[in-house]
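I have a structure here, written as structure tokens, and I will follow up with some questions on it.
So that you can tell them apart, the chains are marked A, B and C in the order they are listed, and the count of residues begins at 1 in each.
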Amino acid sequence: MNLVYIVMGLALVQFLFFGYAVGAARGRYGIKAPATTGNEQFERYFRVQMNTLELLVVLIPALPMFAWFISARWAAALGALYIVGRGFYYVGYTRDPAKRSFGFLLSSLPVFALLLGGIGGAIAAFFRS
Amino acid sequence: MNLVYIVMGLALVQFLFFGYAVGAARGRYGIKAPATTGNEQFERYFRVQMNTLELLVVLIPALPMFAWFISARWAAALGALYIVGRGFYYVGYTRDPAKRSFGFLLSSLPVFALLLGGIGGAIAAFFRS
Amino acid sequence: MNLVYIVMGLALVQFLFFGYAVGAARGRYGIKAPATTGNEQFERYFRVQMNTLELLVVLIPALPMFAWFISARWAAALGALYIVGRGFYYVGYTRDPAKRSFGFLLSSLPVFALLLGGIGGAIAAFFRS
């Protein structure tokens, strides 16, 4: 279970890095707060951060649910795959939004698996108890 | 407690569906990433997803807090009400933003109740211990 | 540990207040949903909410991780510092975006400390077990 928390923490470190990249892009492309539009390259960094936020809000509860009801090892492995996939997503999206699909799938499929597995495990536990 | 995790999982499935609806609306209204503006109908789907994200980040920790300190059954019931309310919010907002109030209240009041109940229960437990 | 949940709950109450402030600013500056741009003052309230959401998604899992692996008292203290820092951030940003740095640092440094401490504690626990 400790491994699951390490993976969860690293996913959050990666997310903070995406946030840092948005701040750096603000300076580089001259987008002053509170604006979030006006330069396509800046908007790519911003969308990477926001899309990761959308996925993270599912990953964070799904990871311990899957670990608890199914398997902590598999939860950690799927979480690690998510982090790798988000790395590809970041590189792909900021180079060319049309190339974001591979990293998107590699990071969202593990999240779907964790969530569906977690729900399935909770339903099974509900009927056993 | 298992029931609470099932409800939490279903709230996340609903959120992923809202995200899918945004992706579908991108295609339907011709809004290419990274843009998130330019078509009012697309922006409605996008705002449903973002507003749900804002509420979900409160619901996810409030659900187990309420279940732990107050009652798991009531936590599950309030969580289920939230999911129904968000369904109304999605339908209302995408048809007409002015009609989003009913679903908004039906989904945010359970979240407020879960949060305030959870804090109240934690404070009571703090003074008992 | 109860104190950690009280602090977590109060951070969420503060976030809901920021969301309420966005709704109030919609009325005051005449920004009708689903729009989120068009008035700089409105956009400041909106960015406070969104930036807090970005930080909250890290704080919520980092708080109990730090409390579990390191110290519940220190977790509660760092969480309380985050809430104070976000209060300064809200006041600073809505008055003048250039003045948001102090509150930003005062609220993000505790989150970084909680996250890094939580990961460090999880790694130490992993090698001990």
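Keep in mind that, in the parts below, a contact is a pair of C-beta atoms (placed from the backbone, for glycine too) under 8 Å apart; a residue touches a chain by one contact, two chains touch by 3 or more.
For clarity, every value in this text was computed on a predicted model and none was experimentally measured.
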Interface residue identity across copies chain A, chain C - same or different by half: different
Rotation, 0 to 180 degrees and nearest 5, that superposes chain A on copy chain B via CA atoms: 120
Whole-Å gap between the CA centroids of chain A and chain C: 19
Of all residues in chain B, the ones touching two or more other chains: 37, 53, 57, 60
Touching residues (chain side chain C, partner chain A) in the complex: 37, 40, 43-44, 46-47, 53-54, 57-58, 60-62, 65, 69, 93, 97, 100, 112, 115, 118-119, 122-123, 125-126, 129
Interface residues, chain C side, partner chain B - complex: 2-3, 5-6, 8-10, 12-13, 15-16, 19, 32-37, 49, 53, 56-57, 60
